[in-house]
Amino acid sequence: ELAPAAQKGEAGKKAQAKAEKGKAQQAVNAAAPAAAATAVKVAALGRPALAEEIAAWDIDVRPDGQGLPEGKGSVKEGEEVFLEQCAACHGEFGEGAGRWPVLAGGAGTLKSERPEKTIGSFWPDASTAYDYIHRAMPFGNGQSLTADQTYAIVAYLLNLNDVVKDDFVLSKENFAKVKLPNQPNFFDDDRETTEKAFWNANPCMKNCTGEVKVISRARILDVTPDGEQKGNLE
Amino acid sequence: ELAPAAQKGEAGKKAQAKAEKGKAQQAVNAAAPAAAATAVKVAALGRPALAEEIAAWDIDVRPDGQGLPEGKGSVKEGEEVFLEQCAACHGEFGEGAGRWPVLAGGAGTLKSERPEKTIGSFWPDASTAYDYIHRAMPFGNGQSLTADQTYAIVAYLLNLNDVVKDDFVLSKENFAKVKLPNQPNFFDDDRETTEKAFWNANPCMKNCTGEVKVISRARILDVTPDGEQKGNLE
Amino acid sequence: AAPLSAVAARAAAPDPNIVPVPDWTKTLGVGVNNNPYGVPSKFEKDVVRREVEWLTASRESSVSFTPLYALDGVITPNGLCFVRHHGGEAEIDPDKYRFMIHGLVDKPLVFTLDDIKRMPGRVNRAYFLECAANSGMEWRGAQLNGCQFTHGMIHNVFYTGVPLRAFLDAAGVKTSAKWVLAEGADASVMTRSIPLHKALDDCLVAFAMNGEALRPEQGYPVRLVVPGWEGNMWVKWLRRLEVGDQPWAQREETAKYTDLLADGRSRRYTFIMDAKSVVTSPSPQAPLKHKGPNVLSGIAWSGRGTIKRVDVSLDGGRNWTTARIEGPAMPMAMTRFYLDFDWDGRELLVQSRAMDETGYVQPSKAELRKVRGENSIYHNNGIQTWLVHGNGETENVEVG
Amino acid sequence: AAPLSAVAARAAAPDPNIVPVPDWTKTLGVGVNNNPYGVPSKFEKDVVRREVEWLTASRESSVSFTPLYALDGVITPNGLCFVRHHGGEAEIDPDKYRFMIHGLVDKPLVFTLDDIKRMPGRVNRAYFLECAANSGMEWRGAQLNGCQFTHGMIHNVFYTGVPLRAFLDAAGVKTSAKWVLAEGADASVMTRSIPLHKALDDCLVAFAMNGEALRPEQGYPVRLVVPGWEGNMWVKWLRRLEVGDQPWAQREETAKYTDLLADGRSRRYTFIMDAKSVVTSPSPQAPLKHKGPNVLSGIAWSGRGTIKRVDVSLDGGRNWTTARIEGPAMPMAMTRFYLDFDWDGRELLVQSRAMDETGYVQPSKAELRKVRGENSIYHNNGIQTWLVHGNGETENVEVG
């Protein structure tokens, strides 16, 4: 039974009897009228961000070059850093080791059955490589590369992808001139137009198809973890 | 990147190519038409309960005696079992040990500041004692008492509560004659009538009370586990 | 003491939590399946159910309370739903689970768990479950310093289950039937009598909560859901339903869960949980930490239907402001309300007052005592008061 | 083999699970606070998130999938919400957490977690979060034998948070602004560009899920909620919001999360998740176990609003029956549907087809391939087929 705390009740009663009336009184008189209490000034929350604070976190680089730091790096320098810090996962030539991502090659594969999407074959903007490599690579040690190292690695990857020559030096100044080949092949979401047929107030309910055949079976492919649970008809 | 299982894809493709077309065909032809598939017969679920099964679980005892088994037991016999199996928690005379429940006494306390609600002072029906003791006592070993033992313990508890004499023998036959004193003081929920005032379309919003005083403080009673967390104004 | 201005101060030097970049941004965290069944952040380790040890003699017949002060929104996470047992937590093998229905029926039946899951008409509904003894320790005055203890015998969960009516229909209820007895398979073999009309109306035989299987302490694999009615009736580990023509006067509906009034008489069959509310923040375990803008957060519920309005007072009930109900307000479900307010450091006497769709208004404790006295134990839905001190500390008090 | 009759057989002898009374009814179970933070029954130990190890090279940049086949109702329990990280799970001290907003604003600002919790206008909303790569492995045909793997990159949660708009208003957005960049504090420093109109519309800065603090793997202490849009945009461990006048062309919106079509061109900024559904039971991990009555259960959702209708076919899309939507159907939230059906043991080809309030109808896989080819990876919302064999075993197949 969940009864009041009888064993402590006596002490409590006494204590309550001498409850500080003065304090309670004050509490009531001082209570903010409800109207005033609900007038909230939104501007009151948050504090101004300092320039150094913004600088510490504002690491993004845009296609128009906004965010690029001062610095430069050559294909050659890039190759060095890449072999040291990246090749273990991505291969000496960006070809990828094991299941780690491939960074170079794949040109002309986008319409094929197995497209290989790399910086050279797929990415629209070189700025993305700068941004991402400095942000998140080497995997587990992001933001450790200097600006010069990052320019150099990007130059090396551009070279591996046949976008720049072997003697190229990438810098803040010439970055805007680098164009990636697949850039023109991106277009904005147009599903509401191109897939208009998927809007349909009265989808078919009866005899909608002819003969239905199983054309593909996951079980035969057999790549599911743990295999599968069997039926257990009683 | 979450791409299709390329490394397994080749095997899969081959396997799919030879997908058993006959079987797929069958699956389609045999598929139940949607209409038939939705005609559910509710009666189909569950199976008839056997009499022995019902008997094993149907242990409840009602005020009208429904559910009482054959058997009987005296106050004297009850005292013996009670001292052996119950008194450690409930006290030799049902007075309760420590915080374990009190089973006897409390007559005349229901209007007092600290009501003592026992079988004698509060419970409306003796059948409840039979039902509950057999169902759940001794605590942690419910349904272990025989019918005779249970009759005897109930007789003993009724005696401790001055409802029956020392030589009383309780049985299925005379159970209906036992009346508990507080029975007439129970009435059915009438809140919608007696507390009608709590329905109020326009509760007061402004200047609803006079001076407001703190009349009771949990902190002074100080029975809260872990104490309390302190304010931390910045 | 902090300045009264609500405007945050300009930082003089870069925040060490921004410059340099924190470690968690510089090193990989654990992998995606570190916990196949996830757990809360280690920084939330205090957000747990708690017992009040002096309440009962045994931990198997006791209660551990929902930490309402740390929760928000409308759903109670399964791991934090309060627990009340009378014989400990039954650990049931779902393959061995059976549910029997018999008594005044044409065909007594036994169902397996699979049978229940195959019944047509499965539904999903959110309902609050409040123990009738919630706030029961507060009848005689402010006792426990935290809404976890004063109001923590409530949770709000989305149930998946089958209307109880479907089972009664399957068995065929005889015309003489008026009540049913629901019985649990735990060591207390918990029982409650329920009027047949309620059983046929909206009760559920539930096997899932908040999307997954029922938790063991909530009746795994099957519990009864009795929307809007006192929690003790929501029999866990449901094993049996007997149909009869009168109530059974079981211990939990006679010795317990009856409401002793001041005149010595006792009200029984008080099944419906009246409209009630409580401010969960600020509250003693969630003191105010800042002057300026603050969000007052609370919950309201009613066994009679949907919460229509919640008013909040900051001056002990003298003046009231209608709070903002936020998120779904579903019938017989916990409803969240907020009041955005600006605090200048003055002492506050915080209260909330719920109104439901029937027009019932949550009473003050004084109003409640006037009609019931102080000995009811159950059904204490009086308005709660928190005293917020100038330093933000908050106490459970009563005003008069 | 079982008899075709759907009527259960009369038991010949008393069920040993009824006579004698089971042990759990005869001995006390554990006490009420055995687990201050509760966990599922030991009999549910297989209901966990699972990885597909061959998918990625590292477990810190991988995914573990929601066990949809074992769940029901509308809410995903926090411990089972799928997890996708790119740099592991950041473990953030909430006291050290900071959120910065800057760029094309009048006043760049820094907020603490307490600041966020003190913002006026806090709301509670349920939304599905689906990874755009959900079902991505299935473009070229049936691959993974279980809806946990084919569709398990979705969860549905009640969020508590503050509209992102409130922060933008506080900072004062300049008239030239058109996009925002959201950034995480994890080791991948995850970034996504979001159109300003969406940021001002219904995005939330959320700090609680299903009633309690965000889970670490879901971005504790703060994540972005981008209703109806692809999950990758819902940046976890949110540290920064920059306001700008053009998108940032980040890796996750160029190299990834762009949709390569058959003609070699790529569609970008495909933010909205189209209407989709899947039958969760029966499914390969939840085979049919009985003839006679059965409940088909599934989920449907749409990034364009509320699910209005779900049709189910048992014959591979030839004939359809409208299913029963059960429980709340909220905009951009997962919606549960059921079809009660009687199974005589014939093979079934089970499908479901969702329709949303805009009239969008979930396409077949063939229809989808026709307009997109097989190389999109993302946004595969084609109709799923399960083949149920005569013995109840169920396989992921495709029909044509």
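As written, the chain order gives the labels A, B, C and D, with residue 1 at the start of each chain.
FYI, a residue touches a chain if its C-beta (ideal position, glycine included) is under 8 Å from a C-beta of that chain, and two chains touch if they have at least 3 such contacts.
Every value quoted in this text rests on a predicted model; they were computed, and no experiment measured them.
Peer 1: Leave out chain C only, then trace which of the remaining chains are still linked through touching and list those groups.
Peer 2: Result with chain C masked: one piece.
Peer 1: Does A-C or A-D have the larger number of C-beta pairs in contact?
Peer 2: A-D
Peer 1: Using mean CA coordinates as chain centres, what's the gap between chain A and chain B in Å?
Peer 2: 52
Peer 1: Hey, how far is the Cα centre of chain C from the one of chain D, in Å?
Peer 2: Here the centre of chain D sits 28 Å away from the centre of chain C.
Peer 1: Please work out the Cα centroid separation of chain A and chain C, and write it as a whole number of Å.
Peer 2: Chain A and chain C have C-alpha centres separated by 38 Å.
Peer 1: Please compute the C-alpha centroid of chain A, do the same for chain D, then give the distance between them in whole Å.
Peer 2: The separation of the two C-alpha centroids amounts to 17 Å.
Peer 1: Check each residue of chain A and list the ones that touch at least two other chains.
Peer 2: Residues 1, 5, 8, 12, 16, 24, 27-28, 40, 42-43, 45-48, 53, 57, 101, 139-140, 142-143, 212-217, 221, 223 of chain A each touch two or more of the other chains.
Peer 1: Two or more other chains in contact with one residue: find those residues in chain D.
Peer 2: 8, 11, 15, 18, 25-28, 50-51, 54, 56, 58, 60, 63, 87, 100, 110, 115, 118-120, 141, 143, 187, 189, 239, 289-290, 292-293, 315-316, 318-320, 340, 349, 387, 397, 399
Peer 1: Name, in rising order, each residue of chain D that touches chain B in their complex.
Peer 2: Residues 6-11, 13-15, 18-21, 25-28, 54-56, 63, 131, 133, 136-141, 143, 256, 292-293, 312-316, 318-321, 339-344, 346-349, 377, 387, 397, 399.
Peer 1: Would you pull the chain C residues touching chain B in the complex into a rising list?
Peer 2: 1-2, 50-54, 56-58, 60-61, 86-87, 100-102, 107-111, 115, 118-120, 141-146, 149, 166-167, 169-171, 181, 183, 187-189, 191, 239-240, 242, 244, 246, 248-251, 254-255, 258, 260, 262-272, 274, 284-291, 311, 315-320, 345, 349, 353, 355, 358-363, 367, 371, 374-375, 387, 389, 391-400
Peer 1: List the residues on chain C that touch chain D in their complex, please.
Peer 2: 8, 11, 15, 17-18, 22, 24-44, 47-51, 58-60, 62-64, 70-81, 83-85, 87-94, 96-98, 100, 110, 114-115, 117-125, 158-160, 185-187, 189, 208, 210-217, 220-221, 237, 239, 289-290, 292-295, 297, 326-328, 330, 336, 338, 340
Peer 1: Per the contact definition, I'd like the list of chain B residues that touch chain D in the complex.
Peer 2: Per the touch definition, chain B meets chain D at residues 1-5, 7-9, 12, 16, 24, 26-28, 30-48, 50, 52-53, 56-57, 139-144.
Peer 1: Given the complex with chain C, which residues does chain B contribute to the contact?
Peer 2: Spelled out, the residues of chain B in touch with chain C are 40, 42-43, 45-49, 53-54, 57-60, 62-64, 66, 89, 98-101, 110-111, 113, 115, 117, 119, 122-125, 127-128, 131-132, 135-136, 139-140, 142-143, 182, 185-191, 194-195, 197-201, 203-209, 212-219, 221, 223-226, 228-234.
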